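Structures for review follow.
In what comes next, subunit A is part of two complexes: it sits with subunit B in the first one and with subunit C in the second one.
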Partner chain A sequence: MNSIANSKTSISTVSEHTVEIITDSGEGAQKCAHVFGQTCAKMGNGVWTVEIIPAEIEPPAHTTTSTSGNIVRFGTEKITNWGDQSKLAVAFNDQVCLSRHRLDSFDDNCIILHECSWETHEDENVREQYAKAMEEMSSKNYRLIKVPIEEETLKVVDNAQHGKNMFALGLLAEIYQRDLSIIEKQIAHIFRHKPAKITEINVELVKRGMAWARDNLKFQYIIESKPVVENRVVMTGNQAAALGAVAAGMELCAMYPITPATSVSHELAAIIENYGGIVHQAEDEIAAAGVALGASYGGKVALTVTSGPGMALKTEFLALAIMSEIPLVVLDVQRGGPSTGLPTKVEQSDLLSSLYGQPGDAPRIVIAPRSIEECFHSMITARRIAETFRCVVIVLTDANLASGVQQFTRPEFDSRWQQDPVDFSALPEGLRPYDWDPETGLSRRIVPGTPGGQHTVTGLAHDESSKVSYDPESNERGCRMRSRKLAVLQSTLLPPPIYGEEKGDLLVVGWGSTQGAIEEAVDRAHDAGLSVSSCQLTFLSPLEPGLKEIFSRYRKVMTVEINYSDTIGDPYITEETRRYGQLAWILRAQTLVDIDCWTSCPGQPLRPNDIYNSILEKIK
Partner chain B sequence: MNSNVISLLNLENDNPQCLAAEDYQKDEGKWCAGCGDFGALNAVKRLLAKEQLKPEKMAFVSGIGCSSRFPHYVNAYGFHGIHGRALPIATGLKLARPELDVFVVMGDGDCTSIGAGHWIHATRYNANLTVLLLDNNIYGLTKNQTSPTSPQGTISNTSPSGSVLPPLDPLQATLGVSNASFVAQTADWVPAHLYATLQAAYEHRGFSFVRILQRCPKFTPDVFTEQVKNPDLTELLVHENGVNAPGLDKLFKASREHDPTDIDEARALAQRTDLLRLGMFFRDESFPVYDDIRTVSPVSAQEKIRKLEKEFDRYAV
Partner chain C sequence: MPSEQHRELALQAIRSRIERFNAVLTNTTDQVRGMLAGSDNAGDDQSVALGFFAKGRMDIDRFNALVGKEARIEVSAEAPIRLAQEVLTSLLAQGDDLYVLNVEQGDELGRKVKARLASIGTAFAAARVIELARNNRYREEEHSAILQSFPYAMWNSSERALAPALVIEVAGGDFRPSEVIPMLDNTMKIVFVVRGDAPPAALSRVISPGVFVQQETGDDALDAFAAFEGIAVAAFVPSTAASFVHDPAACSIVFDRFTAVTFPKEVQKRAIGSISPSQQAEDYTLLESLSVPPEVEGDAASDPAGKLSAWLLSQTDLSNLSA
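Right after this comes the complex of A and B.
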């Protein structure tokens, strides 16, 4: 690493940058990044923000496990994913910085604005630890700039812990020429419930950061922005899903806390009662599914929200919902698994269990939003499908979408989304609770309270009247009708759009949250003269139609997924023993096309560059 | 549950369209001859007729077990769910439709073993449900396995040399849960008491937990033989606010004035093993009822959209 000496200011125009703010947990990195990201968005930049969350609430400070922070990627164009390595970092201590270095999070030439006080700390051990960290990081060409963050902050406040983040924000504001008036408004908004003095102090700290940068840093970056033509909002995927649930008319969310799904219920708990709904915190995930199912049986629009381990517990209830044809929406914010796995980190490993995670044949619908915007809209879709098809709809988001922040077009609400879920009009004479249309398997739902509709719902095999019946014909008919609904739904879907050429050497198939990173990798491949396209699936059960035909137009097809697959050539791993990525399993089975996969489960979103490299590898 | 309005009208006598107990029977009960579940079903049908409940305005929710077949035999909406999980379904239904009368029927394995977690929490939520534990001290449907309530020494397919643990007492357990608002015990061989207990449970606003002692003719025909033969082994808990079945004082000589608002006395009585006690152990109507406290007023679609627009303003770029 080399420390740069002060010289005259150089100004470079770049199309985008990725910045990280890394601190001990509790030092306010989130607030700093939140204001910075919001300011970039308001100035018309595309933005994507990712949280760096330690596993513990208050891990010991100044260690490699205490790292808390944010990554903000922003640019002139729309930003769809967290990108590759960071170009600039503000680090409050050497250990959190080291932890990011070890994760290969910094670009080789990353500029690191580093708190300078540790180097000369009175405690010899601290100094030694600092020196060691610097030594380890010297393998890279980072540009280390020592900044008296703490010292400067103490000129304004007594406790630097509550202030360094705003000084850091000032540094960034100056380097990237951010609009101070927007920053001031953001800060005032955050502290709107506190005395005005608090806002003043925080703004003062930002100004100090700016002044320090002006006097001491001789570089700036300009990232141009485009005028904002449409109304946009910016939020996390979990906020979008929660608001989507409200916009979809959901009236009861039953849940049990589990990361990274919990914040959906926090958002809902804060507002849903204003919309005539409630959040019920159940005693466990099984009960949460049961309460949601009971409410839906009673004619409410109900939702249950969870993550992997909770999904495992809900399985028996989901089968009951499927068997009894009671609509139910389940939001699974995927995290790393199996078992407790990686609680705060992203993975796409719940696909097969979402499709097949029940004993017996239990067809259900599975959809995966591809962006934060789709987290909102998928809730409306999910409700609609669940009610039309009297079935379970599982919405698979993940930790990447859950806490990522992105702008999207402000939705226009449609009052039909709020439509009453059940038809209480008089029942036609003789209507049975499962009067399946023999073609489609669809039937009219009868809800308690409807005169003349009394029947007993059961998870046992039953006939059209919901009478328990074990005879071969009834059981086969029930299975057929429940399955048929998926085919009928598929007949209403369009083939997935192709990103890039309609035919070529390689088609990359992804699902859910990886869309942005995959398409960015495809762009790079295209720029490098390769014939690569991609297609991102939203419907996983049933699959979108036309896949086999689409696949036939490419020499090779591979999936890209954030889950585990074996690598041929590893000990014991051959064509015969190889276990594929989860979407690859499904597509191979469904299309009989020899689909390859490139998957990875690092507990992080995929990076466009890694996907690009896998493309280079596979296209050979 | 509050039946005052309907009871006052006394529809049974005045209304020509009045439903008889048999009108509440749907399919014929398919239990073994002599099963205690029939006794519970008969008492329930009598209660429904007495209250003149509209079949479409009530729901019976159950788990899995012989006893959980109950909803199939009642002319009402029914939900025959999964093993141990009737209470969450019933809680959800009640939250959705507080105006419906919701009854829950569970077996002893269903409630006190696989469903034990839900049982504790449902007691605590105190939703307005009438809850029947059909306790035959055995797993019936799966053919003779030891249940948590089986007396120590019970010979069953899973404890051929006699069960090793003393039984779990559902009354003590329920009375130990904060917020328990109604706990009573009755028995299939005392139909008048069974009926009167269900009546009291139905009238209680809140989670009314009734343990119905009964015999399984196949696997536990003799669990209560001594008590059935000798009424002196049973003590009735009586009180003007308790369970009052006319004429029982002649049959049972032992009776005790027990004020059902006295939780300490209720717990002490539940703990004693000297006599079998039937009656109301505890009732307190002052606890908040979950479906009351979670009721929010409905909001029109237009109003929701207006609010959503405001919500989105917070996120506007």
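Right after this comes the complex of A and C.
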């Protein structure tokens, strides 16, 4: 447990590493990891980051519940998920370290650089707490290296709280041989609105961290990178969704703050006015949906952003949008539920409510981006589909994508993404607001003020003229036409691609953000000689076509999801009583195939190794 | 420092505003292109319009068959929209020159600024024309003129909030900043680069409670000016003039808002261009009276609250109050 000074440095070349920076909430771990991740990406490494966010806004400091931080997985190749356990951690105190240990977050041989001042703290209780933490972690083979983070930081700044993170960044920069000039630029960018002195102090702290690591640590890792040949951008999923909304020509985003979706509106608020749009923070979720719906009714391109509890509140307005066939894009950044659930944690639990959470028959389109890059592009597609089909399109991302960081090819903007949402050409004589094409259910959208197109909009059952109509035939026809549009959209979809062999023993089916972890697990299974493939769905309503035929080519089919399912063998749980993962429910109902599931809802993304173990279990 | 370098510093101080305005112009131009694309391509561009997310997941031909003719505008709307598009494109093509105004010696500063803003305002006029045309409400005889000139007085508050900043190069003899006061609202920012001899405290005439004002005799970057989020005016002036910074955010008391004041050692008593010595003296006295702390007597007078209550009492007739 002693730091090693002035020893000869051993250098190991590895293909990837996972690093954690963990602190009490408010000590800047996110900023440290952000700069580190961005630097790795700019150096050409594949990167994926995951935030560790405490459940409370201001948890008591120096406790196991106060852990805040970030996990950065980076490597030579493209990184698509957060991987398995961490190989190296920088911890600002023993308790945050202990909390991660208890979550089994560290690899058995993890190197843990931890603040040493707690060991000699003036308060006996703190010293005792430190000793107990060290004892509890002693069962593992961790390399616990004491670092005087605070003492070194205080040599540059008066308040260590405002500098430890940059010292930690320096440690990592030296250990992984990061390019200091890139780090300097990142820091300058972060503090661009502050006096230059602030940047200088932060850079000085980084350099001090590097010097300390150089003098005291005897190891370094080299993670080679590939030359960057294309223009790339690095961002979180929420940033990508916000930029995608702007690229898609969204003119209004109405929202009410809700974790983990809020940062979408922050990103949008910073830029959307430059592109002719506005962000409207409504008084509540319901109003936000109403404002977006009203804007769309007026011919604008509108979006509302929320998370699970907000979706529940928006239900009534979504129903109005569906009934009145007003296009609307809804971005649901999923978190743990039900109720307020796990606000800062990830789950894929809004699938069924997105599809069916509505009184009456209310067909809507649901798509799920699989990566941060797709968070950008899905907004463009969602808008186009919403307008073409006069439908509600729900885009389901999750907390994993929302705060994760990944680099991807810089999108080349095309003005056709922003085509006029409304056909303003003269209306044919006698055209009615719901002149459904009897085959497709599609009809021309008429916005208020269009000469010859005046009509009232109603949530009541109505006929083609938008006149309230309670007669049985009108209601049947309206339901049929609104439903038909989903089938028509499905007729334009292609069967989903298969990752791996086209037939075999097991097909793993996932959706949304789990793609990277599932495919990594499938690769491991393949390397172990198992016949396993995977398929990641992106259209969930309507489903992509051909699924039943695809499933028939595999001996077993299993979904992998971040949500809850019962385990047969638990008390009272039988084949009759078992509740399945949400995608599994849908696929079983739609294909009548006996699809199994492996799900988990720990509040964190799935690990490839856990999926791999579930594959081994299933394929027996 | 040559005025070219001051010009660069001035441009640097308003760079973010220029970029924001250019982004608006670019985006509007793109939107117009997208709007006209429906007419130009007759519906064969869904593969692009659907975005990359649809690639490999959707059969574009099938989708096109459903959509048929993509949303488009009336034929009669195309001409004004294309005219508006030309206006936007020509504004963008001017680059930084659009935001730099060189006032020739003897020209009237206020009139030139109004004309330049009216020219910049055609961007907003273009957006209005597009909306009118799309909604079939465009009337050439009524609306076409605004594409030539759209005066600042006609801009609405949202348009004013988007106004780019200006760099104005002007001879010291024509440096009458009070002429731009009608344009100083919302978040307007102006930087003067003054050539030759200049009145010592000309900018004192634009000082008011919410306005950031900086008169700079050196070569420093205008960082505080650039960071200020409201109305701001700055000027690079010769070293014979006063230098000062009036920052409304610094304090609520007037003289404490002056974060740096240096008066010239000597003020020349002669006309500069058409600016008389008395006018210069008036500027100078105004600056002095605002920026120098008043001499006070007694404890109550040194306390702002005491001063305020003393003044209020002096204004109130208490003679009718009974015990």
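Simple rule for what comes next: the second predicted complex is superposed on the first by the 612 of 620 C-alpha atoms of A that agree within 3 Å, B and C clash if a C-alpha of one lies under 4 Å from a C-alpha of the other, contacts with A are read in each partner's own complex, and residues count from 1 in each chain.
Convention: a residue touches a chain if its C-beta (ideal position, glycine included) is under 8 Å from a C-beta of that chain, and two chains touch if they have at least 3 such contacts.
Bear in mind the structure is a predicted one, so any value in this text is a computation, not a measurement.
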item: Clash or fit (per the criteria above) of subunit B with subunit C on subunit A; value: clash
item: Partner chain in contact with A:111 - subunit B first, subunit C second, else both or neither; value: neither
item: Partner chain in contact with A:41 - subunit B first, subunit C second, else both or neither; value: first
item: First (subunit B), second (subunit C), both or neither touched by A:424; value: second
item: Dominant toucher of subunit A (residue count), subunit B or subunit C; value: B
item: Touched partner set for A:378, first subunit B, second subunit C, both or neither; value: second
item: Contacts of A:193 with subunit B and subunit C, given as first, second, both or neither; value: second
item: Subunit B versus subunit C as contact partner of A:539, first or second or both or neither; value: second
item: Subunit B versus subunit C as contact partner of A:488, first or second or both or neither; value: second
item: Which of subunit B and subunit C A:413 touches, first, second, both or neither; value: both
item: Partner chain in contact with A:448 - subunit B first, subunit C second, else both or neither; value: first
item: Residues of subunit A contacting subunit B in one complex and subunit C in the other; value: 249, 273-276, 411, 413, 415, 418-419, 449, 451
item: Parts of subunit B lying in touch with subunit A, wherever the complex brings them together; value: 26-27, 54-61, 64, 71-72, 75-82, 85, 87-97, 99-100, 117-118, 120-121, 294, 296-299, 301-302, 304-305, 307-309, 311-312, 315-317
item: Touching residues (chain side subunit C, partner subunit A) in the complex; value: 20, 23-24, 27-28, 30-31, 33-35, 37-38, 41, 45-46, 48-54, 56-59, 62-63, 66-67, 69-74, 77, 127, 134-136, 162, 227
item: Complex interface listing, subunit A residues touching subunit C; value: 193, 248-249, 273-276, 367, 369, 374, 377-381, 384-385, 387-388, 411, 413-426, 440, 442, 449, 451, 488, 491-494, 496-497, 538-539, 544
item: Residues on subunit A engaged by subunit B in the complex (per definition of touch); value: 38, 41-42, 228, 231-235, 239, 243, 246-247, 249, 251-252, 254, 271, 273-278, 280, 282-284, 286-300, 302, 316-317, 320, 407, 410-411, 413, 415, 418-419, 448-460, 467-468
